[in-house]
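Lettered A, B and C in written order, each chain numbered from 1.
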Amino acid sequence: MHLIDGSASSIKSFLKTLSPVDQVGAEARAAMLGTRSIKTSSKSWAIDMAISMIDLTTLEGADTAGKVKAICNKAVRPDPSDPTVPHVGAICVYNDMVEIARKQLDAAGGHEIPVAAVSTAFPSGRASLEVKERDTKDAIAHGATEIDMVIDRGAFLSGDLEKVFSEIQFIKSICGDRAHLKVILETGELVTLDNVRKASYLAMAAGADFIKTSTGKVTPAATAPVVLVMLEAVRDWYAMTGVKIGVKPAGGIRTTKDAIKQLVLVNETAGPEWLNPQLFRIGASALLNDLLMQRMKLRDGHYASPNYVTLD
Amino acid sequence: MMTFEYAPAPESTAIVKIKSEYGLFINGKFVPAKGGKTFTTINPATEETLTKVAFAAPSDVDKAVAAARTAYSKVWSKMPAAERGKYLFRIARILQERAREFAVLETMDNGKPIRETRDIDIPLAAAHFFYHAGWADKLEHAGVGSSPKPHGVVGQVIPWNFPLLMLSWKIAPALATGNTVVLKPAETTPLTALLFAEVCQQADLPAGVVNIVTGDGSTGSAIVNHPDIDKIAFTGSTAVGKGIARAIAGTKKSATLELGGKGANIVFQDAPIDETVEGIISGIFFNQGHVCCAGSRLLVQENIQDELLEKLKRRISQIRVGNPLDKNTDLGAINSAAQLAKIHELSQSGDLEGAERWSLQCDLPGKGFWFPPTIFTGVTQAHRIAQEEIFGPVLSVLTFRTPQEAIEKANNTPFGLSAGIWTDKGSRILWTAKHLKAGVIWANTFNKFDPASPFGGYKESGWGREGGRHGLAAYLKGNH
Amino acid sequence: MRIDVKKTYKLYIGGAFPRSESGRSYEITNAKGVFIANPAQASRKDLRDAVVAARSAFGGWSGATAFNRGQILYRAAEIMEGRAAQFVDEIVAIEGITPSAAKNQVQEAIDTWVWYSGWCDKIGSIYGSTNQVSGAFYNFTIPEPVGVVGAFAPQKSSLLGLVQTIAPIIAAGNTVVAIASQKLPLPAITLAEVLATSDLPGGVVNILTGITAELAPWMGSHMDVDAVDASGLTAAQDKELRIAGSENLKRVSTFKSELSPQRLLAFMEQKTVWHPIGL
């Protein structure tokens, strides 16, 4: 798709064609969709769908092999007492944990669960291109089939959009057909919804397979208006190009209520075609147990306790 | 492909206790009408009868006015203003406490979705009382002289489209300014007014300050023509409004009238397109289009017409039409068979006159009064559907080439209640607002209401304003 | 015979009730000289902390809707009405007036909250304006809260004076560090308890008890206090405060006991905005 030839001027003129976002109006639309009442059978469906969309994540300096193995087991079998619970969408770790994660997933029977690695000097993105290249190649070499890269927000905010664009293109070329590329916009640092829209289009034009809200290290992260604008972007991109790009909100989605609101946003913005783990993922960790507790409540008819879901 | 069906999410009606029969609320008590005459009110979504309410004859109106007059001269006009305000604060608080009950009852009697009564009608009604409570002892700042006085007894007639909210727009300022009230709710939606009477009792409001008389047009007429009423406040059709203007000519009565509209929603090419679509949807489908200030004419800049219509139709296909008590319903029932017939008649004129109709294909319930969200494209000023108020979920789409043309078309109507402006450019918002002959202009938003914001129309959309400092003026006499 | 549980009177800062960081307290006796309590004696550091709390709370409070502010001030009236008897007892003890006079004072204080509650969302309609300038410009003036206001409550009133001082300051959207009457401080802390349970965010109102002469210079010289209500100061203290306050041009006002919108406007700035009208 040659909307942008990569030159600074073509990027600028393309982004100028985008419609402005009215913040108050967008927030009102997102809030109204948050009032949808999802009960009974729809709620069960949504809970299972949300579980299958989770990129179960651990991205801490203190991560160890033990920690990573534990979440891999949890990813395959979220509830050891209930085999009907679906497995999660992916595991997301730092690139030096990819090999351990892949091995453990396979050992636990989770062959179809991909390992996603954060890359390009996550979370800040402040490093040389060589470092970012190496980061990405290492991850893929060790078995990551998904790369979650960060955009250079400093370049974006200072107007060097060509740099942002070319970096995404470059990382995409490294991924080739071995890994799908999620581009993290870090919307909390972009601040305005106009910037979120512009960054979304920039990422999609540069080759992103998924656009992702946040690193999870900055607040605010995946707020409803931000996700709304990103879903509008993928919807309109599909209308323009015939290509479906995925969306991944990450950060701040802790409860079943939050997750269901995200699914409603998808349903009524991009549409039901996006309601699957190929096109929508939720970056989260604590969310999984809340989903399991809500699932238990629907199954058993009474409120659940954290004692009945595994820590990891 | 997975579809995300929303299971039914009905709000329970258990919170509402509808009596088998209601009397008139006169002098602090519920009393039967003369001869015990009653009429029924139904739920327009199901056509089931909800209850019987009293039918006020002219002699009942006499009693109500007498009660209001006595309450005015003996109690209300003598009460210190701050104490008067405290009654309004109490009423506001009780409305907040009983909010859910009012929301469910309003939905059952009117047909509008529970989400709207819960999130908009009821909270705004409480806010109106809260806002006006604070004015009671500050009237020297209203801009009507240093020591303004109330009129005395005020007669108020309200419509069926926002029953409790219209009641609050009428009663709150009337009481805050020291008047007493005889109010007639619409005949298809009396129930929240009657529940409001209970709130007055719970607030210990002195008897006769508020009187609620249920009935039909003849009851309204009796109020308008009553010699001991000092002022009329009316919201309803332009035709009836003109009748009131004639009726009070030569009398001492003043009137405020809030009448019909054919609001133009103007979309310039640089509008924030997604939020604009939401604004257009809200403008015409909120409250089933039963809104005097509805954006019922879309005036879109011709060069973005196709793109906008495509987005609009896609968005309309997401509108959920059905049981108003379901929390996920977006569009509820038309309020009455009569109103539904009017909507059909005008829509048919659109077909006959050559406009192109497009409606959402959706399942409509077997019982009740329903109309799917509909847009007519290819509409021009000469079409009836561009001139007459449909008061239903029907949007007429016209185009313009230049801002001047947008203004001419927007103003080319005897109405002048509302308008919308959608553009990214501030100076254009201000230029367009300056040239529009409309009492309420929304820029990059629509259907926003606040007790602090004056509301009312130019030309045949009525006389006077409600809300804000400007809305107090109608209820006060200055020292000039 | 039942031994009653006496209240400890601490400071009210940032929504919490800490003792003075100096560890000091001072003795309050009733009108007959009998000991009642040892309320905290606030230090300059407590004042410093209170200003930090007030500044931190300003964004949220001034950014709330006027309607929301009005609801909270009305809630303070509701809570206070429920605790009227407690206030009456305290005022009788500390001021030595009759229960009937104390009751009048409490009722007037409650009605003061109600009065100012009704002002919050009307200031703009009455004191703002659109200005008919020459040229194709839309020009409007809006009143805005000035920021953190220091306030010295009248010395002779244990409750009413403080309420008349605080209510308009926060109704206008400001946050406040209020110094209670030095000799009659106890109802001020009970008032703080009312505010702490009225949905008022912590830091919007901060109340310090202690020695006025000690605290006034630190308030006057504090560069992050935007304005001061100096009603509770002597003429000499007032002058000193104004001299110190000139360093950051504090807006200083004093008032007689009264209900007046001037008490709102004294702590507001007027912002005027121009925008072209055109295509």
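One rule holds in what follows: a residue touches a chain if its C-beta (ideal position, glycine included) is under 8 Å from a C-beta of that chain, and two chains touch if they have at least 3 such contacts.
Here the structure is a predicted model, which is why all the values come from computation and not from measurement.
Peer 1: Name, by label, each chain that touches both members of the pair subunit A and subunit B.
Peer 2: Intersection of subunit A and subunit B contact lists gives nothing.
Peer 1: Could you pull out the chain whose C-alpha mean position is farthest off from that of subunit A?
Peer 2: C
Peer 1: Identify the chain whose mean C-alpha position lies nearest to the mean of all protein C-alpha atoms shown.
Peer 2: That would be chain B.
Peer 1: Rounded to a whole Å, what is the gap between the Cα centroids of subunit A and subunit B?
Peer 2: 44
Peer 1: If you average the CA atoms of subunit A and of subunit C, how many Å lie between those two points?
Peer 2: A distance of 48 Å separates the two centres.
Peer 1: Could you work out how far the Cα centre of subunit B sits from that of subunit C, in whole Å?
Peer 2: 41
Peer 1: Residue numbers in subunit B touching 2 or more other chains?
Peer 2: none
Peer 1: Applying the document's contact rule, which stretches of subunit C touch subunit B when the two form their complex?
Peer 2: 66-67, 70-71, 74, 111, 114-115, 117-122, 124-126, 138, 261, 275-279
Peer 1: Which subunit B residues qualify as touching subunit A in the complex?
Peer 2: 1-9, 115, 119, 270-276, 278-279, 318, 327-328, 424, 444-445
Peer 1: What residues of subunit B sit close enough to touch subunit C in their complex?
Peer 2: 82, 85-86, 89, 127, 130-131, 133-138, 141, 403, 426-428, 430-431, 434, 451-452, 468-469
Peer 1: Where on subunit A is subunit B touching in the complex?
Peer 2: The contact residues of subunit A facing subunit B are 19-22, 24-26, 28-29, 35-43, 45-46, 49, 232, 263-264, 267-268, 272-273, 275-276.
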